[in-house]
Structure formats: structure tokens, C-alpha cells
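Can you read through this structure? Questions will come right after.
Chain lettering (A, B, C and D) follows the sequence in which the chains are written, and residue indices restart at 1 in each chain.
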Amino acid sequence: MNTNRPWWRPDGFYIYAVLYLIFIYLPVLFLPVFSFNNSKYIAFPLKGFTLKWYEAMINNPPMLNALMNSIKIGLIVAILSTIFGLLAAKAVTRYRMPGRAPVVGFIMIPLVIPEIILGISLLILLSLADIPLSLLTVGFAHLLLCVPFSMLVLVSRMEGFDKSMEEAGLDLGENAWMTFWRVTFPIVLPGIIASLLLTFTISFDEFVLAFFLSSIEQTLPVYIWSSLRFPSKLPPTLALGAAIFMASFIVVTFAEWIRRRGVRLDSTSGI
Amino acid sequence: MEHDAIISFQNVSKHFGKVKAVDHASFDIQRGEFFSLLGPSGCGKTTLLRMVAGFEMPSSGEIFLDGQPMSVSPPNRRPVNMVFQNYAIFPHLDVRGNIAFGMRKSGLSKGDLNKRIDEVLELIKLPGYGSRGADELSGGQRQRVALARALIKQPKVLLLDEPLGALDKKLREQMQIELRQLQQQLGITFLFVTHDQEEALTLSDRIAVMSEGQVLEIAAPSQLYESPSSRFVADFIGTMNFFEGTVTAITANNMTIATQVLGEVRTTCEESFPLGAEVWVAIRPEKFRPEFTSPARDIDSIEGRMGPSAYLGDRSHFYVHIANRDDPVLVALQNLEGSVHQLSRPDQPVWLRWSEDAVVVLAKD
Amino acid sequence: MNNAVTPSGIRLELRKLFLKSEPVRGYTLLSPTLLAMILGLAMPLVVLFTLSFWLQEYLDFIRTFSLANYVEFFQKPIYVKLLLKSIRISGMVTIATVLLAYPMAYFIAFRVKSNKLIWLILITVPFWTSYLLRVFAWKIMLGYNGVINSGLKSLGFLTEPLAFLLYNPTSVVITLAHAWAAFAILPIYVSLEKIDRSLLEAGRDLGENAWMTFLRVTLPLSLPGVIAASLLVFIPTVGDYVTPSLVGGPRGIMIGNIIQSMFGQSQNWPMGAAISVMLMFTVAAMIGLFLWGTHSYRKRVA
Amino acid sequence: MNKDQLTEKLATGKMSRRQFNKALASLGATMVMMPMGSRMALGASGDHPTVFTWEGWEIPELHGDYIAKHGESPNFAIFADEEEAFAKMRAGFKVDITQPCTYKIPMWYDAGIIEPIDTSRLSNWSDITPSLKTIPGTVYGGKQYFIPTDWGQTSVLYRPDLAPEYVDNESWGILWDPKYKGRLSMSDSLVDGVMVAAIYSGAENPFDMTDAEMAKTRAALKEQLPLIRFYWDSPTEVEQALASGELVAGTTWNDSYATMKSEGHNVAYMSPKEGAMTWVCGFCIMTDHDPAKIDKIYDYIDAYMSVETGVYEITEYGYGHGNAKAFEQVDPEVLADLGFTSSNPDDMLGSGIFQVAMTNEAALQEMFDEVKAGY
């Protein structure tokens, strides 16, 4: 396929990709723009440059605390739900199991059940079990929500990845765990990365469950949602959003720079 | 269990739900043998192989590998290695990485391991291919890498699951020779699964013919071909002409069978059939000698008419119509002197002759 | 002789069982996931179903079995109408999102050679800013004095801002299609990525043009990803209520808003539960239909 | 191994699985420990009560006396609206203090989740504006179940430059003016939304309507629906839209006026001839509070009732405060800028319609949902 096409003569796909990136970035790029705007209100025309929203953001410990909470929960949930999803995906794609379809259906239920019901019922469950609300309970709820996402992504990767690869790993003397680590893991790595990205994004952005299952520690969406009551709190939040956005961008660029300096890390693994 | 058996199947069965994939298999494979499992697809040969590898567990019975029962051994603890049908080359590793995969716990130093890999690459005739990626290899090369990856482990038994099925004919024949040489050179027991009878005959020391989960016969290729023990085996290995008959006389060394088509057929008697038994008389196509003049004696011969023929290069196939028989009899002839044209005139009368020891008698059930 | 009762014998038997039985191995792998799900889901489901057969009287539940909520669901036109509206909107969102995402996923899978990870992250980064902020961002884009209106105005195409850009079902579709973009691209990418390149080349060798190769090889092989993507977008958006209430305008409510208000302002949890049950069944039925349809498509192509 | 080495080794692929596993394990351990660490950093410890309140009402400036006495703030859990808060508590969430508004008190009382408050334990009780102490639905059997601390108005915020004819004719009617089709907004709630329609349609007591009045309210809502740009969920939305000119008028709380004015926007806050609505919020003590924390519970409420808190709330948030003395401390000019027409809170409170509990909220909500769905 035409891999050697010079960048100044892009083909349709390349043009499409750029347009698509514009579509997903354009609205988000207004966050930084308005985070420097000297007005509480997000509206044109711009009123002049200011850094005061960033100052307000830095001097807003509850918001930063909420941000940290969300990052923590997001990372833990992403890793755990990807592990759970991977185990489950392997089980249902690799073994002949009676009751496979109902089990899969059961795991998918969090996708169909309205979040407010999941939130309220989990809260009832927790108060029956006398478990106090904390970030852990939020994390558990997010885990329930994320596992189906993770599993769906990974099942679609595992299906059609040849089972004999894993058998070859076993056959060559590795136990199940090492076979997983040395064969399955690298081959499903694109799926794992996609799952990590997705589940982190879900958890990081989830509001309803986090509201019902958090106590005195908030996550960022809960903080932002409740702080909309005060318009003056929006611009610092905007500054935070812009900062997250720019920071992720810098991290990604930096990571890419590191990678380019290093040797060809994984030329054949598909990622 | 015989003394030198490397693998011993004892009453091994495997069920998938109601399907009996393998039904009470009991036999031994000797150390150093090239042993083939042959049968049509779905006969259970791959399941049997996978049970040796440990990917499937017998529903009942036990497999002994070098005297050890295998029912508690996972695949990674068995002294066997497998060449998979589709080779299962790890896509994320290069050739060297694939070959080195199983050597993690070998205790070899890095240098020694590299030397071993180079040796094996030499063995499979791919020196200098170590840094190729899996997607940069041809089918034959993948097959060699899969072989090397298994052989470097120095298994007690090498399992091969139709490894040549995906190759074209020429490459397949070349690989057959190489495989045979490799096996003799290394002295490792090969357990080879195939549905290609010619391949099995070419390669094997012994062949187990399987059908519908059952092992029908285990024998050396020549015995399997020359004196099969059942109609299925006779039919599956090569081609065979079958005629119905009844045993009419038995002497110490000879048996006479009356057939409607061939008349009285005499044969050397190896297996004992009772007088009056209904049997199949089977004669291989190449055992017929066509003649175009009426023979002196009418015993051990039959008159027919030439039907269609097929030129196959090294040999030709002729279909001969015989009275009292709907299907023509198949006759194969080496194209020794290019005398094909003379034979292939349609409707020409022809007499087919055979010798006594060409006749195989099979029980009719 | 029977050593099955000694501890080591029992271990041996268990081990035999483990190796022998695929269901045992499968469920062992599934057990952590299943355990978490049973812990966290069985209860909500029981609560949900039980509630849906109760009735609410001011602050108390009438705990006798009753089908009244379900009868009301079908008797009052509002519920079915909103359910259908929600399905229509999230169906449109799903189609738009998946159609837009496919070429992008294809691009990353087949055209990007060395830095795919970067592309994947590049696609998810916009979604690490808060959802609410992104909704505000869309309001900036589509709003009265927003980017599009201001742009068109300054170019002289408009004298009065276009009001129809925001606060209607279309803006809900646009906002949701944007919000769920990553959820469509990633699964499709994952399934495209595993397609053996030689198959595509084989397709070309057989004399098919690029488009036919796509239709007959690539698309069927990537179908699991497309299915996953469709489900990942469709299911969560059916029940969404935040987006419609923020950008949908006065008529923008969907079934999720009703459920929300049943558990909040209306203080009628049993009715809310009954609506949720109906929503779940409808969605499950649609998924079943969808999977059945794609399955038979796959069979036909294969 | 430090972080740079880690990245370097990962990038060059030189890291062994064992090292990687070790790094992963330590990362995991760190993350599991992190929530505990940050909680300690917050300084909220187990012996403080938990206050369930609105975002923005938990800041230290609003309970200075408590911090002075106990060295740190109590614990806060945040809600965005009282319905969600109520649902959360009904499902089992236990807190010590809540901060709802008056119209929710009867329901919470009926639900048995709030308990009587011993006003003699509150040193600032005598300074509370008298008319706030007797709001219907907050006193049962002579016992105070609610301490009023915050109040404000719900009225129409509008752009006089875009709707000049309403400057001298302030009326809820602007929200039904077809001239401004698509440029109007109302709160997406019963008390600040549907009640407006009830007032506009002439209900005698909007909070306790007859069936005929309900029907008229419904008709008013239906009439208004095509004129509405959106129903707002948060003041931020409506203020944004008023600032950009997208909206001409919308219902808001009076602090929106103060904020927008201070930003230099041309807005005016109505005193509608039909009467503005007055809301009052304050504190309840929950029945399942931790008995061991009762002293601190009273300390917190008392601190919030103080003059200092009042002044801060009036000047910074633009809301009224329950402590009458607080108004005396604020410059009348500042008060006027904030939209307070008088320095005597009783004057303002008397002119408005007090928001009290609505009878049959469920039916009202159902009606509102149906109207929004097009029925």
C-alpha cells in the first residue's frame, strides 16, 4: 500500500485524518483560548489577556484535590478493569464453557442499566453492608462500569487472534502466566492500550456514580458540576481543563521524543 | 506397555459433548520412530496429537510419555514439542526471538544460546535469517522456523500437525525429504499427523490409520499398502478395485474364492477365513497386467473392453469395462516405453492378468 | 490403594480436574470479574426489579406486588414516545460516530507506520478535559455569538446569528458524536490492526480493486470492532440525560431525564425503576437484533 | 531506579520483565496508598462532623469561628441539588448536618431524617431576623427544625438594552413575550421554574394550587415552551447566555445580578409587579448524626450564623444572611450595588413570595416533564 507517498501530496485518508482531528480538537482548543480571557463569561469578543484564572486554579486546593482524586481513580480503575476484562475476554474466547452467553450478558449489564440506578442501588448495598463511602467505593462502581467496555474491546481483539500462538507458548515450556506475558500480552497490546485509554477516560469523566458513591472526597466531574452554581468558578475550571489538555499534550510529545531517541521498540507488535 | 515405547496410549478416549473424537485408542509408539496418524479430516488424529501435547485432556484412559502418566502434566511440563498446522510463528518476535522463545530456562549463556540458534538455523537451512520479522517470511520459511523453534528444545517427541498442508506440491515434496533426513539425523521420535496418504507412506516408519475416532490399523507403509486389514484401510491408502466373493476352497497355502466378476480367484492364504465366508477380493490397479491377446489359461485373468484413460505423466490410468460389473476396473501402468497410444484405443478388447500374491482378501462385515 | 482421600491425592485430583475441564479453567479465569460483577450487580438488579413492582405513596413504598407501573408505562404516551426518541437520537449518534470513526481507524491501522500509539493518544487527549467543559466548548462553537456565527458574520454571510445551531436534537447528535469519538475509533482500530496484511494483498492479487477488497476482506474482518464500537456508543447514549439537558433545548429531554426526575424531584422510585427495566429490555432486544443481523451478515460473507 | 532511568529503559527495550514487574508493583502500591495520603493532607479527621452542602458554601470564610475553636474545618460532602442529596441520603448516606432550603423541610421532616434543634445552644440565634424564624414548614410542635442562614431572591434578570419596554414595566410576563421567542430561559426546576408559571398564570397560592390552577399553569408552560431557548440547570448557563446576548431574559437568583453587574454587563434585575420569590436556606441536624459530635455540630451552625460570616456572604456572594446585625455592618451603598433595596432585611423579605414546600411535587414534576416532552 502506498506508504511512500510524500506528505505534500496527501491521499484521501490523510486529508480525512486531518479533518477528523480538527473536528475533535476544534471545540477543545477554545478552552485554552478562553482560559486566558479576562472575563468570567465564555463569550466573544475576547476581553483581553489574563493569567488570573490560572492563579485562581492553583489557589483552589479543593479543585486540585478533586483532580488528583480523579486521576488516581482513573489510573487504578483503568488498570484493574483492563486486567479483569482481559481475563474475562480470554476465558470466553478460549474455552468451551457452558453458560457462556448468559455470563457475558451479565457482565455487560452495567452498560444497559441507567447509572443513577446503579448508583442508588450500590449505595443501598454499601449502607446495608455498613461500608462507608470513600474514593474506594467510587472506584469500585467505576470498575463495574468499565469492565464491560474493556471486555468488549479485548474480545474483539482476541477473536481471530490464533489460539495456537498461546498453545505454542505452552508447548515451548512456559507456564500459563509466562505464556500470557510473553505471547498473549504483546499480541493483544493494541487492545490493552485501547482499553486503558477508554476506561481511564470513562472513569475520569464519570459523574453520576461518583456523586452517589463519594463522601467527603470528590472527583473532578462532581466538583465541576457542583461548582457550576457559581459562574466565577467556571473560568478557573476552564483553566484547569486547558492545563490538563496542554499537559497531556506535552507528556505525549515528550514520550514520542523519548521513543524516537530509543531503538525501534516494537516494530512488529502493531503499536 | 512394550519396553521401548516412548508414547503409550492406554484406552484413551475423548468426547466433545456427544461426539467421540477418539474412541478407546490403545497403542505404543517406539523410540526413534517416524510415526504417522493418517485419516480423513475429523477422524480424531489431531485430537490424539493434541492430547499428547497436553492441549486436550483424555476423557478417560491415560497417555504415558516415556513411562510417565501425563494426566497431571500441563503442556509446558511435557517433553514434547509441536509444529503447528499454521506454524503459530509469534508475530511480535523476529526469527531469532521465535527460536529462542523456549530456551528461557535452558541455563545457556547468551553466547551459547546464540551459537545454538545459529546451529539450528543452519540445520533448517535459513542461516542469516535471524533478524527477519515473522511477516517477512514465506510459507516454507515459516515452517522451518516453527520446526527450529521446536527442535532447539530437544524434545523426546516432536509433534507435527499437518505441517506441510499449506505448502505447494513442489515445496511439500522437498520438505518431506528434509523432514525425513532431519528425523534420521537427530534420532528424535516424530509423531506426524496428515490426511495425505502419499505423504504418510513416503515419510513414516509406521502408520496408524484412523477413522471416526478409532484406530483401524497400525503397520509399516508397505504392509499397509500391500496387505491392508480392512476395506476402509485398503480404500483409503492408494486406490483399490474391490470384487465380492465367497470362499469355496481352503488348502494349507491357498484359498479359492468364487466371484461373479472375476470367476475363480486363487490366492495365497495369510488370514484364515471359514469355508463359505463372504469376502472382498481386492486388487491394486498397478497389479493388473493388460494384454491384448487372449491368454492361454483363463485362470487369473479376465476379459474386458478398454474404457476412458488418463495420462498422468509417469503413469497412465485406464478404465476397463468388465461384464457383470457396473463400475469399470481401474488399471495403472508405468509409462515405460510410451506405449500408451496402443493401449488407449476405446472398445478394444483387453485381458487383465494378475498373480496370486496380488490378491488381497478382506472380511466383509 | 485409593490415595484420593489424602491431601496430596486431593490436590492431584483437583489438578487433574483443572487440566481436564475447559469450563473449570474458563470459569477460573472469569472468577475475579464475575465475583466483582455479582457483588456489584446482583444487588442493583434485585433492587431494580423489586422496586419496579412496588408503588410509591408520598415517601413510602407500598410493598405489594403490582404491575401498575408497567401499565402506566404503556398507557401514558410520554414514556414510549421518549423511549423511541432516545433510541432514534442515539441511533443517529451511533451511525454518525461509527461512520466518521472508521476511516480514521483505518488510517491509523494501515497508513500510520511507526507511531500508532501517539495517534491513539492524540485521539483520546481531547477527552481528558472534563465532559462538562467540552459541552461548554460546543456551546462556544455553536452558540449565538459563537465561533460559527461570529465567523459567518464577520465574513459578511450573516447579519443575524443563526439560532438553529444549538438547543435542538441536531446539536445533541453533534455533541454526542464528538464526545464518543474515541469510543468508536479505538475498538475499530483494534480489530483492523489484527487483520493479516497478507490477506489484503491476497485480495489485491486476485484482481479485486481496492474497494472490493475492502468490502469483501477488510470490512467483514473488522466487523467485530465495528460491532463493539456501535454497542459502546449506542448503549450509554440511550440513557444519557446530561447532554440533552445541556444542549438539547426545552424539548431536548430523553428517557434518561425522566428516570432521573423519577428518582429526584418526583420521588417515585418504583416508576423510575419500571421505566429503567423497560429501557434495559428494549436496549437488550435491540442489541440482540443487531448482533443477530451482523452475525448473519458475517456468515454470508465468510 | 529513578524515573528517568525507567523511561529510558522502557524506551530502549532494555528493561527486563522482572524489573518491569517490580516497577509496576511499586507503582501499584503507591497508587493504592495515595488516597490515604491525600486525605491526611486535607486535614479532615474523623472526629469532625460531616456537612452535606452546596459547592461554594463550604469555604473557610463562612465558618471562621469553628476554625478558630477547633483548628480546622469540618468534613464536607457536596451536592448539586437537594433532590439528589435527598435520594443519596434515603439510600443510606449518613451525614451530620445538611444545608437545604425551606421548601424541602416538610418533606425531610416527614421522611424523619431531620431532628429538632436546641436553639439555646446557638449564641447567634437571637440575632436572626425574626421573620425567618417562623417560615411555614420549618417549625413543628414549637420546635425549630431549621436554622435560616442564607436567603435571596428568584426573579427575572434581563438586558434592558434588548428589552427596553420592560424597564418601567417589570413583570414575569417578559418570559411569555413572543417578541423574544428563542431568547428566554427559565430554571429547569419546580420551585424556580414551574412556580414562576404558576405566579404568572395567577394562582392564588402557587405552592398549593387547585386543579384548575394546575391546568392554567400547565397551559402557561405550554405557551412558553416554544419561546424558551433552554431551561437552565445552573446559573452559569443562564449568565453565560445573557452575557453573550443569546438570551434577553431569564429567571435567576439575585447573586447573578451582582456578578454580572460587577463584570460590567448591562443587566437589570426585576422586581416584578406580580412579586419576586424569596428563598431561604439554612441548616438541619440529621437524625442519624454521630451523637459524639453534637457539640461540634452546634459549633459549626453557630459559626455560620455569625455576623462575620454574614458580612462575607452579603458582600462576596450577594446573598442575604440570616443574621440581621450583619446588614448593619455593610455599607448601604454596597448593599444597593448588590441589589438589596433596603438595609432592613425584613423590608425585602416582606415584599416577596416566600418559597415554601409545594403540595404534590410529584404531580408538578410529572406535568413539567410532559410539557417538555410535547404534551
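Here is the rule we go by: a residue touches a chain if its C-beta (ideal position, glycine included) is under 8 Å from a C-beta of that chain, and two chains touch if they have at least 3 such contacts.
Just so you know, these numbers come straight off a predicted model, no measurement behind them.
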| item | value |
| --- | --- |
| Shortest chain-hopping distance from chain B out to chain D | 2 |
| Chain C to chain D, fewest steps along touching chains | 1 |
| Farthest chain (mean CA position) relative to chain C | B |
| Result of counting contacting C-beta pairs for A-C and B-C, higher pair | A-C |
| Centroid distance [mean C-alpha coordinates] between chain C and chain B, Å | 53 |
| Whole-Å separation of chain centres (CA-atom averages), chain A against chain C | 15 |
| Centroid distance [mean C-alpha coordinates] between chain B and chain A, Å | 55 |
| Chain centre separation in whole Å, for chain D relative to chain A (CA means) | 32 |
| Chain C: positions in contact with at least two other chains | 136, 139, 143, 145, 263 |
| Sites on chain A at which at least two other chains make contact | 42-44, 96, 120-121, 124, 225, 228, 234, 255, 259, 266-267, 270 |
| Sites on chain B at which at least two other chains make contact | 54, 74, 135 |
| Complete list of chain pairs which touch one another | A-B, A-C, A-D, B-C, C-D |
| Residues of chain A that touch chain C when the two form their complex | 1, 3, 13-14, 16-17, 20-21, 23-28, 30-31, 34, 42-44, 84-85, 87-88, 90-92, 94-98, 100, 103, 105-107, 109-118, 120-122, 124-125, 140-141, 143-144, 147, 149, 151-153, 155-157, 159-161, 190-191, 193-194, 197-198, 200-201, 204-205, 207, 220-221, 224-225, 228, 234, 237-238, 241-242, 244-245, 248-249, 252, 255-256, 259, 267, 270-271 |
| Interface residues, chain B side, partner chain A - complex | 16, 53-55, 74-77, 80-82, 84-86, 88, 90-94, 101-102, 104-105, 133-135, 149-150, 153 |
| In the complex with chain D, residue positions of chain C that touch it | 56, 58-59, 77-78, 81-82, 136, 139, 143-145, 163, 167, 245-246, 248-253, 257-258, 261, 263-268 |
| Sites on chain C touched by chain A in the complex | 22-23, 25-27, 29-30, 32-34, 36-37, 40-41, 43-45, 47-48, 100, 103-104, 106-108, 110-111, 113-118, 120-134, 136-141, 143, 145-147, 150, 178, 181-183, 186-187, 189-191, 193-194, 200, 221, 224-225, 227-228, 231-232, 235-236, 239, 242, 256, 259-260, 263, 269, 272-273, 276, 279-280, 283-284 |
| Residues on chain C engaged by chain B in the complex (per definition of touch) | 12, 15-16, 19-21, 197-198 |
